Amino acid sequence: MGIVLGPNRYGKAETRVVRIVRDTPRHEIHDLNVSTSLRGDFAAAHTDGDQSQVLPTDTQKNTAFAFAKRHGVTSPEDYALALGGRLLGATPAATGATVSVEEYAWDRILVDDAGHDHAFVRRGGEVRTTLVDVTADEVVVVSGLHDLVVLKSTGSEFKGFLRDDYTTLPDADDRILATALHATWQYAADAAARPVDWNATYDAVRALLLATFATTYSRALQETLYAMGSAVLEAHEEIEEISFAAPNKHHFLVDLEPFGLDNPGEVFVAADRPYGLIEATVTRSSEEGR
Amino acid sequence: MGIVLGPNRYGKAETRVVRIVRDTPRHEIHDLNVSTSLRGDFAAAHTDGDQSQVLPTDTQKNTAFAFAKRHGVTSPEDYALALGGRLLGATPAATGATVSVEEYAWDRILVDDAGHDHAFVRRGGEVRTTLVDVTADEVVVVSGLHDLVVLKSTGSEFKGFLRDDYTTLPDADDRILATALHATWQYAADAAARPVDWNATYDAVRALLLATFATTYSRALQETLYAMGSAVLEAHEEIEEISFAAPNKHHFLVDLEPFGLDNPGEVFVAADRPYGLIEATVTRSSEEGR
Amino acid sequence: MGIVLGPNRYGKAETRVVRIVRDTPRHEIHDLNVSTSLRGDFAAAHTDGDQSQVLPTDTQKNTAFAFAKRHGVTSPEDYALALGGRLLGATPAATGATVSVEEYAWDRILVDDAGHDHAFVRRGGEVRTTLVDVTADEVVVVSGLHDLVVLKSTGSEFKGFLRDDYTTLPDADDRILATALHATWQYAADAAARPVDWNATYDAVRALLLATFATTYSRALQETLYAMGSAVLEAHEEIEEISFAAPNKHHFLVDLEPFGLDNPGEVFVAADRPYGLIEATVTRSSEEGR
Amino acid sequence: MGIVLGPNRYGKAETRVVRIVRDTPRHEIHDLNVSTSLRGDFAAAHTDGDQSQVLPTDTQKNTAFAFAKRHGVTSPEDYALALGGRLLGATPAATGATVSVEEYAWDRILVDDAGHDHAFVRRGGEVRTTLVDVTADEVVVVSGLHDLVVLKSTGSEFKGFLRDDYTTLPDADDRILATALHATWQYAADAAARPVDWNATYDAVRALLLATFATTYSRALQETLYAMGSAVLEAHEEIEEISFAAPNKHHFLVDLEPFGLDNPGEVFVAADRPYGLIEATVTRSSEEGR
């Protein structure tokens, strides 16, 4: 029985590409963190140290910068599609290329109630993401966001759960529900061809996730995630599937009774660890959903 | 020659107090990270292990939670003043108490263009801070913010600097200027007594810092900071002094010439380390300033 | 076409369990970060808010603590196997349970050249990991380490690579090779039954990874990883497969020529981002390996 | 009343200098994070944008790299003294220069029980630090370490403390005491002139801190810190003063009674926040200490 190379890939991670659009005095900024990787038949590099089929990660980085100029950046998705196609084409041994992009949002600084032409303040909050995978046969686009931190101060319960010998948690009729949402949604196979308006779709999905979180009475974080995912799939036929990873950021009611104070849902301690972690995918079926 | 105890203090750091105001269906949220410390004559605890004068850090934590209910949280400053006074009063051996608060901002989630009553999204961006120091004689309030990340895509130069044998940097006529601003401003001694409107002042100072950053042509980050500080002192007579620590977050122009591309200020790499670090205080003088 | 629930799981992440063995005056410490999750038919929780089949994450946390006492901790693997079995058994709707453990190593503090009985200093360096997956039919144990930071100051080249229009990297005959190694190895299906000596195997694999890194002349990080993986599989028939994720932590030679200094591999800048990222699996085949 | 510039300084932070000593086949590595700053009369840069007296932070970085070659690195202190002297000398407007260095330790990789010539593994654990301040008149050297994480599983109590209305903490007869030690010690004014053996002193102080922590019965973290500081000052007359910042990393005993288990100091949860924070300086006096 022999020892063989299994799945492998390589690339350049976290190239910090900042693209300023300055065609007019009103500049725009695209602030990206770009990671690329190639997979395919690179066995010789592993077993014989033969680099002749290996496009260096340094070249991948150079290409990321060059394409920010040559192709430009109108959206992370559009840029990643171009970059992934180039890397795949430039590397005969590669069978697939992935480009992963994080985008950090900036707002114009307000001066006398108007956005300034070339001064910006980083928005903070969630990071927009995309992961584009390119092969000879197909292109897959999975976009998303992470660290969208949301909280409901009421409208959330957790009760009627399974109990065993190690269960001490009481039912909760009214609790804080908070999470740092990570969501990724896969576009339909023809999305790049249509093409989808990536920026408008991102804004719409984000708004829908937030509104659904706000307006859904929650009997568990699971139920909230399912509602959010269903809402997105119902509204966006160009999206095939959406996945969530949501840490349940516990806010525990503080016992103020020893100090002669009641605490009807007013003072909480925000805990760091441990945290619940709920992961779920909502997808489409050829049959009726439940 | 003997060995003696020098300066010392102790306290509870990073108590994560979340206060929900739910007097009406339209909730409010105050999300705080509270650190307290006491100083005074605690020598016996160090030299003899005698805790009889030591109010435990656990009690300091309890007090932080209890005061979020008993006193309430209208601003970090107001809350910190109450908490600091309590801790000093409760500890006979203490000569001073400091309360440091970070506040994380939340926005209401928009549903049909209106802010929801009890669902929030964390704003991200800068963190608001205050440091209150209370002694028998005086109260010092130093408020501020950190990690306000700003960037100008033009309107910044750096040239005519001192050169020595190790200088290779060329003059820059037009560069990106970016920083993650840390600013702290000390209020006048009577600020707590007036009292100042802490929240309105914070908003005004933040807006003024941003607008001055945007509209000042910069010949160095130092000049920008001085302009920002001067603007704040001119507009806010209740503020005595303002200090900055500002990492110069370098954005280096990428050389695209090897790829047959020009790069007139369009594609940059955002560097992590090293970074310039500029620190400056702008203050008042009984004489005319320069 | 309907909307349906796809893959999902839930659990408690990052429960910080510290177990002191104090059966004799010579204490031992096991310092763990434990994450558990359950998967199975939890659809009702998502679609109907019905928690009746959901063992709370709070209970999972309690069980993690209780099992540190009831079962004890001799190795992360042994503890995780017991905990995973319990969680699966306690949850009728679950078809699988995973337990992920990080272990932080501590050394005894040296006093007069002897290790102290009950005083420890955290070792730092790499973190030991295990991921145990339990179903009715089988148990999978994947152990590993992360952040084992290694560096060779010579004995590494990178040349003869594929070049395209975006390639500017020159051949390197002698460079620093450095990485923060993440490695995971999957044990054979019968490993838990034998049982394997988990601690001894961990120590042996770690030592072998290090020695192979040290003694392999590297024509690429890929070649080094393959050599390390092969060495482990050759020496440990109880291991089926080993996977690596290795950031190429670039150390760039600093150009000192402007200062009249040569730099024959002596002064480097350690870069943060971007970094190469090499991922590879070495596995067994029924055929001869290449 | 005017607005004026107050205290200010500027420099380059976190230059990651890696120095390989390869005079023989048995290489050595010095892995440093170097921050420099200059203070003096730099008012014109702030008020008039005049850079003519400003040695760029880019030049400071260059100098840090050049001095790693020209002067070499035998210890962080020796290197920082040389670098600080150079920067002060090169900048006429400067009245002081500070150089702050973190050093990350590496061990030789063991191959057949012998340390390899040019392959290293990062040790982890504490970071060694020095802060050197150079003016025309004097040189101050403050060395130290941070994140030396230590724990005692017994031999620590906390009781007899001051109680008020917000105190709920019970006396603890036997608890875990753990901290991530930050310590800085100031050398005597003539230390650089003697010179002190910086590396040997560092090792000795570190060992003494650890041994004292281990062997001192603790009635409070304050008492432990004072004992550690006293031990250092007693053993090292070349050290004037030592300061500590020590987070009390709480390990809370888990209540296992609901599960029918006792817990005599065996199972703890390691908490992240909040944490006690104890700061103390131990110094010398012309009088007898208490």
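Which chain is which? They are A, B, C and D, in the order written, and residues in each are numbered from 1.
Heads up, the rule we're going with is that a contact is a pair of C-beta atoms (placed from the backbone, for glycine too) under 8 Å apart; a residue touches a chain by one contact, two chains touch by 3 or more.
What you see is a predicted model; the values in this text were computed from it and never measured.
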Farthest chain from chain C by C-alpha centroid distance is chain B
Selected pair, greater C-beta contact count between C-D and A-C
A-C
Mean-CA-position distance for chain C and chain B (Å)
38
Using mean CA coordinates as chain centres, what's the chain C-chain D distance in Å?
30
Distance between chain centroids, defined by C-alpha means - chain A, chain C (Å):
24
Chain A, residues touching no fewer than two other chains
15-16, 62, 66, 166, 168, 258-259, 272-273
Draw the chains as dots and join the ones that touch; what shape do you get: line, ring, star, complete or other?
complete
Under the stated contact criterion, what part of chain D meets chain A in this complex?
165-166, 168, 258-259, 272-273
With touch defined as at the start, can you tell me which chain D residues reach chain C in the complex?
15-22, 27, 29, 31, 62, 65-66, 68-70, 106, 109-112, 116, 118-126, 148-155, 176, 207, 210-211, 213-215, 251, 254, 256, 258-259, 261, 263-272
Within the complex, chain D is touched by chain B residues 1-16, 35, 37, 42-43, 45-59, 61-63, 66, 90-91, 158-164, 166-169, 218-220, 222-223, 225-226, 229-230, 233-234, 241, 243, 247-248, 273-290
